[in-house]
Amino acid sequence: MSERIIELKNVSKQFPSVLANDNISLHINKGEIYAIVGENGAGKSTLMKTMYGLHEPTSGEVYIKGEKIKSFSPSNSIKRGIGMVHQHFMLVPSFTIAENIVLGSEPRSKRIFSDKKKAVDIVKSLSRTYGLEVDPNAKIQDVSVGIQQRVEILKTLYKGADILILDEPTAVLTPQETEELFKVIKRLVNELDKTVIIITHKLNEVLTISDRVAVMRQGKLVDVVNTREVNEKILAELMVGREVLLEDIDKPEIKGEEVVRVKDLVVKDNRGFDALKGVSFHINKGEILGVAGIEGNGQSELTEALAGMRKIEVGHVFIKGIDATGFNPKKIRELGVAHIPEDRLVTGLSKVSSITDNILMGSQFKEEFCKNKLHLKRDKIRDYAKKLIKKFDVRTPSEDVKVGSLSGGNMQKVVIAREFSFNTEILLISQPTRGVDIGAIEFIHDQIIKKRNEGCAILLISAELDEIFRLSDRIITLYEGKVTGEFKNGEITKNEIGYYMTGNRKEQV
Amino acid sequence: MFKKAKDNVEYLISLFLSIFAALLIGALIMLLNGQNPIVGYKALVLGAFGSKYKIATTFAKTVPLILTGLATAISFMSGIFNIGGEGQLYLGAFAAAYIGFTFTNLPVFIAIILAIIASALIGGLYAYFPAVLRVKYEIDEVITTIMLNSVAILFTNYLVNYPFQAAQGKMGGTDMIAEAFKFPKLVKLSKLNTSIFYTAIIAIIIYYLIKKTPFGYNFRIVGENGVFAKYAGINTKRYMILAMVISGALCGIAGAFEVYGVHYRFLQNISKGYAFDGMLVALIVKNNPVGIILMSIFFAMLKTGSNSMEVATGIPSELILVIQSIIILFIAGENGFKKLFKEYRLKRGKLVK
Amino acid sequence: MLHDVFNLTLLQNTIRTATPLILAALGGLLTMHAGILNIGMEGMILIGAFFGVLGSYYFGSALAGVLLAMLSGLLIGLIFGVFTIELKSDEFIIGIAINIFAGGLTVFLLRSIFGVKGAFSSPKIVPLPDVHFPIIDKLGFLDVIFNNHSVFIYISWILVICVYIFLYKTPYGYWMRGAGEHPECLETVGVSPKRMKYISSLLCGIFCGIAGAHLSLGYLTLFTENMSAGRGFIALAAIIFGASNPIKTFGAALLFGFFDALGIRLQGVGIASQFTQMIPYLATIFVLFIVAKGKLNRKGI
Amino acid sequence: ACSGKENTKVKEEKKEGISVSLVIAGGLGDRSFYDSSNEGIEMAKEKLGIKATVLECKNDPSLYGDQLIEASNRSDVIVVVGFEFYDVIQEVAKEFPDKNYIYIDNVIEGVPNITCIDYMENEGSFLAGALAAMATTDESIEGMNKEAKIGMVGGMDIPVIRNFQAGYEAGAKYINPEIKVETIFAGDFEDPAKGKESALALYAKGVDIVFQVAGKTGEGVFEAAKDSGQYAIGVDSDQRYINPDNIMASMIKGVGLSIYESLERIEKDEFKAGSVYKYGINENGVDLAFGTEDMKQIVTEDMIKKVNEIKEKIKKGEITVPEAK
């Protein structure tokens, strides 16, 4: 029998209003890749944080390398060789990548000074070794989430952890990047004898990478299975408690007029460089236009520009025939646009406000909730919030809970619930299912299709090619701020589209 | 917005416990200083509520606290920090006084309305500048408002010592406002006057604005997450400026009430930090309008009471300041104490779903 | 006339006026970096000023005064820390409470220890020494401006450099800034953000204690009630002005000192004193405006 | 038995003397104005056996009324110190017609139970100005330069302080019409550092004597004098003791004395309530003091003599001292 590198005995974690982990016992063997799956809010992150020492369990015992943990703290865990990549980035925005990677264990000169040069060198060589390219001197606030994810992984590698906990590391990676990461993980395990615990909502990834899978549901450990013995369907069923079918969806043809037209759009990114260099496209009524592209090729800037949140330098945006170039978000919304932003924590939600308050946003002046544009109808609002929570299956003890205390997937559902309920004709959707469990993905996809079938013109941006292919009627590829190809869904395969996403034009194929 | 009654009760309980703990420490200090705490606290309470006059005096002191407290609440909740209430109050007071001693022939009703409008306008305007600097030029409003306090106080100081110096009695103030304009007193000798009714009306309006209207909701969301508010279509800049202007106007009105209800003229040191006291009050109750009223009464009680406490028991007023600051510390720590207690209970208690 | 206003003593005066601000601001900017806005500096300075005088008077040594002031600052910083960090209380409230506390406590102790009210001065209070650099004796204007200042004026310059190095060149500085910007992140890399916040708050107390001791033992040799006279707030303004960067904050404090000195000197020229006293405040706003406008313009390009 | 005890107590009180409250606008410990008023009360306690309480308002206008009423409720005679009480005292005195109010530093006429004592600061500071003007050109005094330039540091730019300033300038000009008198207002009565900076700025301009009229801010003026080896003139009380080497004289306002005298008159039933007393040089209400016997004088005998001559001339009306507008 192989060595049990981590063992949990009857671990429970109680938050004031939630029992996040309920009497969990499991063990992880040295040198294995152990996957954890479960719905949003099942308690996966909490369990990982407990292993990492960020939480102290309310009851139960944790053994690392055979030793019982008495004092829970990340610094002790780091000493014991545990590293963790968190679901929500743990990076200081104003520091450079190198500074972030070495934070907490900086290379020093003369014992008290931090040695910046050495840090940069270390990062360079780490990048090279693991094939995770980053610019050590770039500031975190200026780089894309994909890069930030790499930085997170480099951070744990730098600390020399032999147990790696990865909480949804692939959520924001492109398929190529995921593939790269998995190579790295395999190498770490096979050649360097490390142990990896990985949380992911993508069941195909689980099957590709892991040796064993633990399934969690509502705080409990439902089952631990050998990966070889299961398939996606079984896992999904274990997770959600019912059958989940992410099969091709039926999309009736809708003949609709043009609703959105974008002409020669030029937009700058946060650092002042051109992020979009003359992008043009249109979207028709009842059509989903998918934008495929590797993270950081202008997708974020595109949605922001369309939503009125980023200055348009050159070019025009027409919405329903009206020149909406330079409109602010309010005016854009008044034209009938709803928007699911890429960054739900900062843009899409107010974490310190209640779910009700988050859902009310945008409807506060509507006659339904507000008499004479002056008096909010509390009861109506509360009922509405309850209704949406139920309809969109937000897992929460009550509608008064602050959004910040929800699990990631449930936060996303709050945004979707609000924006999809506006009854708008146009939807800008960015990464709708990032970090969302498979049951919820099915649900969100259904909602998007429903919107489309109702005649909505939808712009869909996603790092998930599967998602793009599953939902879109038409697909454009974006590379370095330019459109490199446009296809009807079905004209092209997932493999072929990769060429366009890496800068090759149609002619060259 | 939709806070549960249970939370409120819990808050009140822990608030009282905190105050109680602070009073215990205060008692200890008095004991160490050789005074009898029971006598001291009795004098404090009697000093604040012991007679009709004392009660009136206590309530009179709530007026500027409530107004500046509400002013703080609306600006802080919108994520823009008006620390300039003191300056706005001075300018508002002067503007109101100016109307009162210049247009002495106006009908009373008109004069008072005019004075209140003038004070609100000038207070609001004086808050408008730092707000615009913040919103358009990203200049921190905490600095500018602190600086503008000094400027306003110096400027009014100039006005009352040069162009508008009182004709009689080397007052360091303007002339008196017309006799007819003075707000009637409610209790003989005390400073309690009809401005408390106006204050109540203003408090109700602000309460309604903050708690019941979509605008109040917008103010709050702008303060809680400006990016989100902007994304959702709120003109955050406008709301921030508006919050600041309302805040300044309230401070200006507080100044007008000091003139028309208390001193009947502008005095060069008309406020000794009312705006800061009001800020404290608002912060303690987390910008809750009803809380501001209650906490203002508590602070006014401390002020009137401690005055009598000093005279009656010989406990030096400095010591009372120390005790007061401990009370403030403990009230501010209320939430923290509660959390620590809950965590402790959680550790020993049973698991619940 | 102009000569009376713009002369070397103006710069001398600038340096003297700025020093208490600099010392306090160095502390305040540490808490600022650690994510705590400290408006209790006013009270911390006052406490430092009192205990500086107390220590110097009783032990007959200015050093003892400074040490006692630092110790008192440390304690008050600890109180500040416990409430803002441990109990997560609103830092505004705690700051104001500390100011009230300091005002009351110093007056109370003044009366119970020295038996006086208002002011205490005595030949037994040993002042901090002035420092004389013979090398720049002969250098004319440099001598006037930079020589013969109280010792903490020079120390404050060294401290500016030290704090700068601490913040930007040592790991601890990174941790402190990380604690303010993203405490959870710091925690996950094994450094306690709470501890960094505590350290910042204790250091702030110590720095403000030194600022107070400098005020009551270096700048003056006495204690009077409320002698901090708003310096804590101006220091805060300097911190915000200087974007919490020690060098820029130093510059902001000097700027304020300069305009204050200018205001004093402009009184001779026939402007009502209230207007000359406004100069430092208006000038600060004006400079902020120019700087901000420049920044926006640059962004525009 | 119980009531008997109380009776004796009341009797004792009566025997002890009248009950007095001192209400001051600022706080004790300024080592000048308010402290001087308290000295009068202390003296009356000792010599007349009065019972007294002090109520401070700490410059908080919202307390003026409260403290005055509190005082009126507890005492027969209320001594009110500070021009700031102008309004409240009129309001309160009306409500307590059988109480006696002695009001210091302002003038209210025609109220039967308010007796005012107002000081002619300008006359006192005239003497200070004259003395400074004589000394500043006398190089035999260590540290003086030939230039005829003297200075003043005022707390705030308010009428009372400007009255000091008017007399000071007139006195200086009386000695030397060519003299330059520079005034700086620190803008604060509680900031000694600012006072020091203001005085240093004056000294740097060639001023060698600075007259401080600035409360606690003035403490900084004394320090500046000490540090730069130059001179200061104190105010309100005889402040030479603070630093006899650099404080050459003090212009004194006889607040304590006049309060004591008023209380004495009340004890002897000679008090004329409702009148206004102007205390100038003639009434010994203001004066220039040179410290105690054991202190070495900074100024010369001749100068003191000259000051006394000027005093006489003011008394006789040969010199009229201007007031501030």
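Labels for the chains are A, B, C and D, by order of writing; each one numbers its residues from 1.
Definition applied: a contact is a pair of C-beta atoms (placed from the backbone, for glycine too) under 8 Å apart; a residue touches a chain by one contact, two chains touch by 3 or more.
Just so it is clear, the model here is predicted, and its values are computed rather than measured.
> Which contact partners do chain A and chain D have in common?
Intersection of chain A and chain D contact lists gives B, C.
> When I count C-beta pairs in contact, which pair ends up with more: C-D or A-C?
Counting C-beta pairs in contact, C-D comes out ahead.
> In whole angstrom, how far does the Cα centroid of chain B sit from the Cα centroid of chain D?
About 36 Å, centre to centre.
> If you average the CA atoms of chain A and of chain B, how many Å lie between those two points?
The computed centroid separation for chain A versus chain B comes out at 45 Å.
> So which bits of chain B are touching at least two other chains?
Answer for chain B, listing residues that touch two or more other chains: 154, 157-158, 161.
> Which residue numbers or ranges of chain C touch two or more of the other chains?
272, 274, 277
> What chain-chain pairs meet the touch criterion?
The complete list of chain pairs in contact reads A-B, A-C, B-C, B-D, C-D.
> For a test of understanding, state which residues of chain A touch chain B in their complex under the given definition.
12, 14, 16, 18-19, 22, 58-59, 307, 309, 328-330, 332-334, 339, 341, 346-354, 356-357, 360-362, 364-365, 370, 373-376, 378, 382, 399-400
> In the complex, go through chain B and note every residue touching chain D.
53, 57, 61, 154, 157-158, 161, 165, 168-172, 176, 188-189, 191, 262-265, 267-272, 304, 307-308, 311, 317
> Provide the residue numbers of chain C that touch chain B in the complex, in ascending order.
37, 79, 83, 86-90, 92-94, 96-98, 100-101, 103-105, 107-108, 111, 230, 233-234, 236-237, 240-241, 272, 274-275, 277-278, 281-282, 284-285, 288-289, 292-293, 295-296
> Would you mind writing out the residues of chain D in touch with chain C in their complex?
Residues 27-31, 35, 154, 157, 182-185, 187-188, 190-194, 196-198, 200-201, 204-205, 216, 219-220, 223, 242 of chain D touch chain C in their complex.
> Can you name the residues of chain B that touch chain C in the complex?
Contacts found on chain B: 133, 137-140, 142-144, 146-148, 150-151, 154-155, 157-158, 161-162, 276, 279-280, 283-284, 316, 318-322, 324-326, 328-329, 331-333, 335-337, 339-340.
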